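Two complexes come next, and they have one chain in common, chain A, joined by chain B in the first and chain C in the second.
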Partner chain A sequence: MTTTAPNPAILAAPVQQGRSLWGDAFRRLRRDPAAVACFLVIGAYVALAVGAVYWYPDFLETQNYSERNLPPSADHWFGTDVFGRDVLAKTLLGARVSMTVGFMANAIAVPLGLALGVLGGYFGKWIDDLVVWLYTTLASIPGIILLIALKYAFQGIILFEGTFIELNLSGIHGLYIALGVLSWIGTCRIIRAETLKLKSLDYVTAARASGQGRVRILVRHIVPNLLHLAIINFTLGFVGAISAEVILSFLGLGVEVGTPSWGTMINAARLDLVVGRWWEAVAACAAMFVIVLALNIFGDRLRDALDPKLRI
Partner chain B sequence: MGAYVIRRLVQAVFTIFGVMLVTFLLFRVVAGDIAGAHLGPKATEQQKREWLKKYGYDRPLLINRQPDTRWYDTQFAHYVSTTATFKTRSLINNEKLSDTILERAPYSLAITVPALALGWALAMVVSTLVAYYRASLIDHVGVFLAVLGMCVPYLAFIMGGQWLMFKVAPSMAYGLANPFNIFVPVVISVVAGLGGSVRFYRTVILDETTRDYVRTAQAKGVPLPSVMFKHILKNCMLPILTNLIMAIPFLIMGSLLLELFFGIPGLGDLLLSSITNRDEPIVSGLTFLTALIYVLGTLATDITYVIFDPRVELT
Partner chain C sequence: MSDGAANTTQGSAPAGNEILAIRDLKTYFPVRRGVLSRVHAWVKAVDGVSFSVQRGKTLGLVGESGCGKTTVGRTILRLIPATAGQVNFDGQDVFALGRSELRALRRRMQIIFQDPFGSLNPRMTVGTIVGEALTVHGIARGRDRDRIVAELLERCGLSASYVRRYPHEFSGGQRQRIGIARALALSPDLIICDEPVSALDVSIQSQILNLLKDLQEEMGLSYLFIAHNLAVVEHFSHEVAVMYLGRIVEKAPAEEIYRNPKHPYTQALMSAIPAVDPSRRRSRVVLTGEVPSPLNPPPGCAFHPRCPLAVPACRRDVPALVRHEGCEALHTVACHRADEMRPGMLLEHVNKGIVAAEPA
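Moving on to the complex of A and B:
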């Protein structure tokens, strides 16, 4: 009787590790120069937004009436505004408002859309009817009108006054909430459709056959397979939130009066273009253009990397 | 088919009811001290009470449980009945909403209808062109420009356009002294929307190009332009027209910023001024109007789908 010794060559060969969805997506993004460039741009905006608070802590008090409306120069790269304040500082502080609003609005909207979409898709029946009714209703009212109306209704309302979680709904906190509670619809639709699809797959049936409870299946087997969609929507949702903030601030319904933001800059400089003072409006529009472009391209690449079904 | 249409109609009624409920909650419940906002900070409690009584804001919100009254004698019932018939009156000048809409809608439509038609035609031409020459230089440049165009802020298009008009023909940069001035916002609207539309239409056309029937047609020797125009574009029209119909109600209010910049007295302008003046009935009425058009638009699209695309399942 002979025993065949295991082939040493096979033993020596490294074990081929399968790559997870996330690892695979990361590899794809890292090898994609456009995605890396856009990610760096987004990172730079975040860094500048954080840095701006430390570099210009008392920006609002820097009025200098001998330096009003100066065109761009070596001292003031982006020129000065009507109060003699540096437009570069204003633009960077505006980036801070935009990035925070983009983040906070999606931090509310995406989990909300995920939760409602999963609940509706998984439990069906009246819960699903309710979720679908809720998002069809909200989707029937043009978003910008609803936003303006909500922000208007919020005026003068301060929640939890005097506590450390004080929320001034007239200003930027109201923006987070208004944008958050109104922009979950897209995420919810996609998540609900995907949940309906996952629910009928074999592995879920197998999990049920092995005696796992409904909640356990939901948390352990369905939600993890939806997270990539939530991440994609988070990135793409940034663009909508930033644009909405600029339009609302432009209309005077966004951030508190006096807070530097791209929308208030555009509003302040709106009539200046005609007399040749272009720098403030151009700075705000250009800053917005670059971040929206980076977010759009990065979001698209992220979707391609994370959603293998879209690959050909 | 008939059952499907009836089911969609019932759903539409529920959606409209939802819109009413949301706007009612938003404008009547969340909005706070509306009497104070209209009478000014010096108003006494007595004056505020009288004001609320005059406009019916002192009634119960949803259900009237007081004795000797009808249970439906409430703010919500009143709100639904006046808003749905556009009979509601402005708190500022007491004008009936239906009259105001008839007076102002032509200005909004004068911007949005040409903008929609021109935008669609132009985007169709450009996207067919880039899709026809796919993966070539024309395609790459086209897509690149479309993405850039999508990312330019809408406000930048408006401000840039207005500035250009000031330089070229100052009399056309504001107001409607000359009726031709309306074409300035139309052109701006078309240019601002072009990038997004071209990108979407191109994806739809390319999706269709990779299908089997296109390969079969080519294998049979049908020349490429003929495949493009006779087969592909025809099959692309459904998603593209859906996209277009969905855009209609948003365009009615979407010209809000254009009307503001160019001083055009349309519905968007009315909505903005009503919001600043806290003219609650007008804001609710206009919101209801756009929602109504949207719901009817989606209903029409869904039914069109069933008629023109036999593959669509009735659910």
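Moving on to the complex of A and C:
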């Protein structure tokens, strides 16, 4: 075994394209039937949630008193509600609320947790103390109470009034913002711990030894090795956000009154159950059950596929 | 060079041809306790180490896990702040360098790691890993960089067609070669090899050692070769220093230390080298106990609690690293009984069943 002088013939050999960890994870997911099935379910929910507004543009205005409280039938698969509206339409419109809240809450929470976790873990000292203080303080207050308090505080506040990006915090916007700024703790903890581990790894030491700056190491060596955790947290965080929306809407603190959502459906069906009108509650619960199950299984499979430890 | 550490430097080769000179290096880690994180104690990981590496030569630094050899390597590279002492690299005081001077120095001193799995970023291609430093130092970009990377890979016994592949697609030995290629990218003068073969199969170990040896001859590299195994260092080093608990206990040219080990600890390590010829198998001295904690080192000679030959003086006084009777030039030992020590004496002593001198 000796070194050889550069051999032009070998240098000219075709470059072999390697498979990155991302590509590898994608391939594993594609070959995993459970992951594919769950992904299709999630995709279907998104498609239906997007489609629902176009199929039922004037849902709220439609009232049909001749068709009130009908049980499931060929015309109305999921039956009708107290105003004679189709429960299927209502469930699909509810999916829209859930998917929006789930996506937006995590779009706020995960980047926030990622940024704070990385900064605390990497730079240490007072920055870390601040981050740890922040999340331990937040975590010491029961989540649902904090959420309700924040949602109350948002009532009636309209951000950027009169502009293109006007946000009415009383409704769904306030809901996902409140959820987002409160649910980054889990992501932050995991990211901070992983950052602490990564920064002592040899490849980071090698980068320091070759004169790379702190910011470059952070961007090139630390963050790319954390992104998979952010993605997993995004998927699993969806479940929490969807449940929180349902609970808050059930309590009357979620979306604006009248907006169809699974929480408001379950709330409305509370009294119906006593007189045997089960279909509205069952439709909402079943819709939620399926998406939560699909997200959980998919998140789990995603975690397995993205774990770099399995590949080195 | 002739400062307070005169004792420890006695017997060193004349300066001038040394690329790296270390004087009385100390690296202590604070142990913080309590709400206010006050410094409660110090772990003396490296406690007054001096040695030098000759240009184009290899110094083997040997010792058990936890004796501070890795810390020595990282302190020299300023990856860990030193507590005291001096590191001179080619006439420059490493600890006095400013930011930009340090960056320039990084091109000349590189490191190879023990763990071939943790030392390569799993999300980067081999080409990026090897070539990154070239970009950072503004040496080469684009096509130029690709060409240099391809040459480095070939030189380290890898195919240049691997540039677009990822670390997880390689074996431990191949990954170690990638690590070596990365260290060579900046054409350094000195490479600190931090147990580069400890995590590899024996057959791969020799391949990597041969590669390092060839590179040394071709490029005139100097190595600080850290290992916990004297057998690995035997055929590789020009000079060997044995470390125990943050200090060097014996230092000599390689042939001399293998022919005439003076320190009981060195003798114990020697007896642990497996012999190739079964008829010449040596019986071994098995040291009992663990390396004491550097947080609470024993008084006197740090080795005395495990030394079968310890005498009362060993418990009291720290022996200096000096040249003794019957030693060649450049052979220094830190042992109170070095004058009477003969090769194999520890073994005879243990075989006679004399476990240790009576307690003081």
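Please note the rule applied: the second predicted complex is superposed on the first by the 290 of 312 C-alpha atoms of A that agree within 3 Å, B and C clash if a C-alpha of one lies under 4 Å from a C-alpha of the other, contacts with A are read in each partner's own complex, and residues count from 1 in each chain.
Everything below uses one rule, namely that contacts are C-beta pairs under 8 Å (C-beta built on N, C-alpha and C of every residue); 3 or more make two chains touch, one makes a residue touch a chain.
Small disclaimer: the values here were computed from a predicted structure and weren't measured.
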Touched partner set for A:201, first chain B, second chain C, both or neither: second
First (chain B), second (chain C), both or neither touched by A:209: second
Touched partner set for A:274, first chain B, second chain C, both or neither: first
Partner chain(s) touched by A:221 [first = chain B, second = chain C, both, neither]: second
Touching partner for A:19 - first (chain B), second (chain C), both, neither: second
Partner chain in contact with A:140 - chain B first, chain C second, else both or neither: first
Contacts of A:149 with chain B and chain C, given as first, second, both or neither: first
Chain B versus chain C as contact partner of A:55, first or second or both or neither: neither
Contact footprint of chain C on chain A as seen in their complex: 1-7, 10-11, 13-22, 24, 201-203, 205-212, 216, 220-221, 224-225, 308, 311-312
Chain B partner contacts - residues on chain A that touch it in the complex: 133-134, 136-142, 144-146, 148-150, 152-154, 156-157, 243, 246-247, 250-251, 266, 270, 273-274, 281, 285, 288-289, 292-293, 296-297
Residue ranges of chain C in contact with chain A within the complex: 74, 77, 79, 102-103, 106-107, 109-111, 113-115, 117-126, 129, 132-133, 136-137, 150-151, 154-157, 159-169, 179, 182, 185-186, 206-207, 210-211, 214-215, 218
Sites on chain B touched by chain A in the complex: 11, 14-16, 18-19, 21-23, 26-27, 30-32, 147-148, 150-156, 159, 162-163, 166, 249-250, 253-254, 256-257, 271-272, 275, 278, 283, 286-287, 290-291, 294-295, 298
